[in-house]
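When the chains are written out, they are named A, B, C, D and E in that same order, and each has its own residue count from 1.
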Amino acid sequence: MSIEAKEEFRPKIVAFCCNWCSYAGADLAGSSRLGYPADVKIIRVPCSCRVNPMFILRAFEKGADGVIMCGCHPGDCHYSTGNYYARRRMTLLFSMLDYIGVENGRTRVEWVSAAEGVKFSTTMNEFVEKIHSLGKNVRLGDLRCRN
Amino acid sequence: MQELIKRAKELLENGTVARVLGWKAGDLPYNPEPAYFDSTESLADFVYNGFCGANLSKYMIEASKLEGKTLVCLKPCDTYSFNQLLKEHRIDRDKAYVIGVGCKGKLDIERIRKMGIKGIEQISGAEMEDEADTLTVSTIYGEKSCKYADAMLERCHVCKGKEHQVYDELIGESKETKDADRFAEVARIETMTPEEKFAFFQKELSKCIRCNACRNVCPACSCRKCVFDSNKFDSAQKANVDSFEEKMFHIIRAFHVAGRCTDCGECSRVCPQGIPLHLFNRKFIKDIDEFYGEYQAGMDINAQSPLTDFTFDDVEPGIVGERG
Amino acid sequence: MKYSYYPGCTLKNKAKALDVYARASAKALGFELEEIKDWQCCGGVYPLGSDEIATKLSSVRALNDAKEKQQDLVTLCSACHHVIKRVNDDMKHVEDIRTRANNYMKLDEPYAGETTVLHFLEVLRDRVGFDKVKEKVKNPLTGKKIGAYYGCLLLRPGKILEFDNPENPKIMEDFIRALGAEPVIYPYRNECCGGYISLKEKEMSGNMCNKIMESAEGFGADLLITACPLCLYNLNASTQEGLPVYYFTELLAEALGVKEEVEEA
Amino acid sequence: MSKEKKQAELIREISGANPLKCMKCGKCSATCPAYAEMDIKPHQFVSYVANEDIEALVQSKSLWKCLSCFACVERCPRDVQPGKLIDAARQVVVRQRGENYLKADEIPELLDPELPQQLLVSAFRRYRR
Amino acid sequence: MQRIGVFVCHCGSNIAATVDVKKVAEMALLEPGVVHAEDYQYMCSEAGQEKIIEAIREKNLTGVVVCSCSPRMHETTFRKAAEKAGLNPYMVEIANIREHCSWIHKDMEEATKKAVILTRAAIAKVNLNTPLKPGESRVTKRALVIGGGIAGIQTALDIADAGYEVDIVEREPSIGGRMSQLDKTFPTLDCSACILTPKMVEASAHEKINIYTYSEVEKVSGFVGDFTVDIRKKARYVDMDKCTGCGVCQEKCPSKKAPSEFNRGLNTRSAIYTPFAQAIPNVPVIDTNSCIKFKTGKCGVCSKVCQAGAIDYTQKDEIVSQKYGAIVVATGFDTIKLDNYDEYAYSQSKDVITSLELERIMNAAGPTKGHLERLSDGKAPKEMVFIQCVGSRCADDRGKPYCSKICCMYTAKHAMLIRDKYPDVNVTVFYIDVRTPGKNFDEFYRRAVEQYGVNYIKGQVGKVIPQPNGKLLVQGSDLLDNRQILKEADMVVLATAIEPNEGVRKIATMLTASIDTNNFLTEAHAKLRPVESPTAGIFLSGVCQGPKDIPETVAQAGAAAVKAIGLLAKDKLLTNPCTAQSDELLCNGCSTCANVCPYGAISYEEKEINDHGIRETRRIAVVNSALCQGCGACTVTCPSGAMDLQGFSNRQILAEVDAICR
């Protein structure tokens, strides 16, 4: 590596995981030693329907480069219907972010069951790779910078 | 207007209503403002003309707490907001006597100014009774005129229709003024590159001075205490700094009213900076229509709002990336 | 109904019968095959290598031509069908191939697998309907016991070709029934005839074809039908006293009563 | 990286198949219609690539006996797709050595009047650069 | 300001090998509110917990962060320790630096950095934690067992023997399940019916057990200790009380063409039928799809011949609603459909059969009265080929990715039984691996080879080719001899993969129990809580959780019963205090929250409110914390932010976000 080489980009990635499926899926990825980059930090929520769009916007505003939400597969929600509401909320939020010019790849929803350690790990690897390809998130931190 | 005043007087006199919620003339010919009239005498100040754009439904929240019934004048589009507030138990139907007033499109003074008409002293042609489709504006520079339709608010060009959704009686004729596609501008933005989109919104939002006029006027923003003023989210407005709500205010606000916004257009109408705020709300409406089927807030009081509803095979959030 | 049609080189030459009977039958059944302009040979085999682009371009051209005309693309020869269908699948699902192919092609609008590729038999089954075909049959082939020989290229890989159940197909049997004949189901109908191996290893493909013939004969077939010129060649060339083998379109034309007019023309 | 390792990698890349998924059930060899003619059997192909034993593969006459009939691809329960591996190996040979299994001057004597174009075209594609 | 103690666990080397635990503790001390930080070998050990207790007492801690394994492992342990020291247990948060950090990262520096951030987030959360107190809920002392196979029967018997009421719901007209269809069982070759029927009888005679056959679970609501379940009792058209089980109706029924489900469709049964002779209850049902009376209105023979007058064509489905404290799922399995495996000619030849069909053929009550014969021509076979792993261990979407576990053993059993009874029949088994982990299992398989001369060939079959002469040509691999085999056989038996019974996904959804991509119900912990669902009050018995043989199923059924008994023995349960709460000063009373609440826990009240001196009556949302399960759906839908979730409040989550993104 040359001396001028820029510091390697290490994205900040927040993952919201529901307690019953995805958090357990992440635990399974851990106990199965299925690695994914350390850039991903998980926040435990009871259900994907607990994830307020404000949390996601806040993460971006505070400098997150990507936010992913994981919940139980539709139909398998521990609370029966939570992920269905979450699905609508996130669809609309992501669409809005896309609309204001925030790269769509920075947000993602994935349904990961407690048995899907492999899927959790692959998803996170993919997502981090995607964020790498998008680079640092400047837009959401920057929406109202008067130039 | 005279018929309206006459009827209001009758209702006040026979005790059906305790007050009238309408508009009174402002200090300029084009800025009438919402007002209560609690006596027949006070109705002398009552006006109803092309500049009475203000949506009075939201005032019914406070009026519902007052003694007696309130006569409220609602234009066809205002009735959607009224219904939505009814649905959310924010207003009391029994406390309102709704007169559906006619509407032939409301005027936007900014549009008139943009046509280069400045120094306005008098405007004629804006009265409900006026048949002509021309506005005559006398200015300090002499008399100018323009087409009524050209001076209309953006929202009137995409009018939801001349039918009142709720009323006790109707007074006055309404006109269908729709001559544009409601989602055309949203669709245009959707086709931009991310860079263009961002530049567009950054430019618009940078004008915001956080005066909260949009929030104050919005019939969906009727919370007793706004989350931006609440410490529950650590987002309370302190100084006007480069902080969370500063950047995200309009997006969060749009999300809060998603599925509840009737697209009444008041936010854009009152914005002193002329930010096209309705473009946020309309984006949600367009998405909701496309993803979950057409839905008009305030139309059917018993319909389930799209954000408190679901189907087992709703689209996945990934659709956003897939449709490009 | 009009379809774009990709005949392929063999059908312009040794397998004219496959082509002309198909066209005549299509006319009788009320649809038209519009041959796409300046088509180029598909290459005969699908280039399996994921880094092969140039060899896929002739298919992309044909596919894009159909797309521009907003028509489905109909094929007849099993090999062409196999190649074009798989290239289309690549264009639809493999980003790398799509990008590189489009870079070569320099089209106004990139091609991304929009065209539907249909084999002539699929048109009969899914668009015309075998019921309809049956109605139009003038000379039912009653009493004929016909074995369908599918070969490999129409069926496999099943997930991409989506032609029929690759291990137990029935489209040709249904076709045979529609013509008024009796299908003979025999287990070797989806086993390989040897394909291009016959160029250098006649004996090998001969053995394989003999197995097919024996099996079909053993289950009582009087004749075989196929959609592939190479299968027909191998089956004919390598078996001395085997069953006669026809293109399925010839029997179709016969049943529809248009065979003679073709032959006269 | 050794040459064989490179070639093994190239074969994996060209074929898009992963030999490590193989569970050694032998269904490919049970399926192959050209089995008898092959010196290296289809299931062995998979382990040769996995073990990066490419020289032997490249010498194998099996490369030229595979019919591309996709029966092994269709039936493989592990999605290893031996047929693709074989084709990729064939590609490696024709590309790197410039060695054509079918030479132009061989052709006339192989022709017969009934032979369809398709056969020539296919054989060319499979056997030559 | 909180006084927070941070405790970093080494977990032996599980954490300490990749995370610099000292550094984590050191960095934690720099965070606001942290007054104590230490690391220790095993925090969950007695000594580790003691350290926490000591620190709470000595340093007057108001909050605790334990950096350790997943909260799903030891959250309760540490909360209990805190409680011992007099701290509200909900003032404890876990930073998961094992499953989410040390186990998935290799680089020490990187893992340590991440651990520091995860700790920081937990500290930020604890700073905003408030003491919570769980409520109480009652326990209904009755259990429901869904499925009346050997798993369900065993579970029901064990729970009932402990003195609790149990209901079994069985979809079929009789209990007995898959085991009742088997002829013999491995590795002892007991007759399956001989060991099963006494259990069936015991269950039906048990005073604490109530059996609903020909019934299905329709709706489930409630939660652990207090489920309400609607059971649909499908109309039998036969009065259970009047019927004497004489069987005359079945004999006289003129419609005898319906395929027998019990015999896997290999023969037929009458329209009014009991599935098999030892059925419990021994009361037939009328299959309206094949009954002439139902199809044409004419017939009525069964009604005429029934001496007891038990036939009732007007019977309707009935819904029974019942309360339960615990629910055990024992829905069992079926063999997969073989549509994707036509290379084995199952649909082309009657002589290619599944192993379960062979069980019926070998059984004296089966379609051939127990004679081994070809279904195509009734001839006795001379050559039999068994193919293993049909649809199991598949990486593509044709089959199942898992090993079905029981096939190796039952194939050895079949091979042995055939060689024993018909010594002139040659038996060949194509296998990929022979898997015999179990007591006396390998010995059993070796007996098949050594004593009975079964020919085992390592290699899969590529194609089964029906021959014009009626024989089957089996084309397979012999990998050890490196040759392709062509073997002519009279019958081919496919060791077909098993899959969870159809409909289990629907049941899982009703129970909100998690289920994996293969439709097996997920256990609460793969190793430590194998018979419990992550959903409290739901227990797993038998193959619905994963492939298993009979002894394993019975063992698991007993284990599930014990878990259910443990729950039913309690009078009251502590409820999760992490419930939603509405801030009455902020609530608009708009009813949006009630719309999304899955538990109907939110209602509205007109309440006198004092809002900073303004007194008014407002419509406000009230959460019933006994019903609220704490999902949080309401909190996000609430436009004013009045609704918040205790333990996962908006401010807590935002603090975590901020700490991570800092």
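Note that in this section a residue touches a chain if its C-beta (ideal position, glycine included) is under 8 Å from a C-beta of that chain, and two chains touch if they have at least 3 such contacts.
Since the model is a prediction, treat every value here as computed from it, not as a measurement.
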item: Neighbouring chains shared between chain B and chain D, ordered by label; value: E
Contact network partition after chain E is left out of the picture: A, B | C, D
item: Winner on C-beta contact pairs when A-E is weighed against D-E; value: A-E
item: Chain separated most widely from chain A, comparing mean CA positions; value: C
item: From chain D, the most remote chain by mean C-alpha position; value: B
item: Centre-to-centre distance between chain C and chain A (centres being mean Cα positions), rounded to whole Å; value: 47
item: Chain B and chain E, separation of their C-alpha mean positions in angstrom; value: 54
item: Intercentroid distance (Cα basis), chain D paired with chain A, Å; value: 43
item: For chain E, residues contacting two or more additional chains; value: 343, 463, 596, 637, 650, 654
item: Interface hub residues of chain A, defined as touching at least two other chains; value: 53-54, 58, 75, 81, 85, 89
item: Multi-chain contact residues (two or more partners), chain D; value: 71
item: Those chain pairs that satisfy the touch definition; value: A-B, A-E, B-E, C-D, C-E, D-E
item: Touching residues (chain side chain A, partner chain B) in the complex; value: 53-54, 57-58, 61, 74-75, 81, 84-85, 87-96, 98-105, 107-109, 139-147
item: Residues of chain E defined as touching chain B within the complex; value: 583, 585-592, 595-596, 604, 611, 616, 619, 637, 639-641, 644, 649-651, 654-655
item: Residue numbers on chain E that touch chain A, as the complex places them; value: 70-72, 96, 98-101, 103-107, 110-111, 113-114, 117-118, 121, 505, 508-509, 512, 514-517, 522, 526, 534-535, 578, 596, 598, 629-633, 635-637, 645, 648, 650, 653-654, 656-658, 660-662
item: For the chain B and chain A complex, residues of the former touching the latter; value: 186, 189-190, 192, 194-202, 205-206, 208, 227, 233, 235, 242, 244, 246-248, 251-252, 254-255, 258, 280, 283-284, 287-288, 291-292, 306-312, 314-321
item: Footprint of chain E on chain B - complex, ascending; value: 65, 88-90, 220, 222-227, 230-234, 256-257, 260, 304-305, 307-309
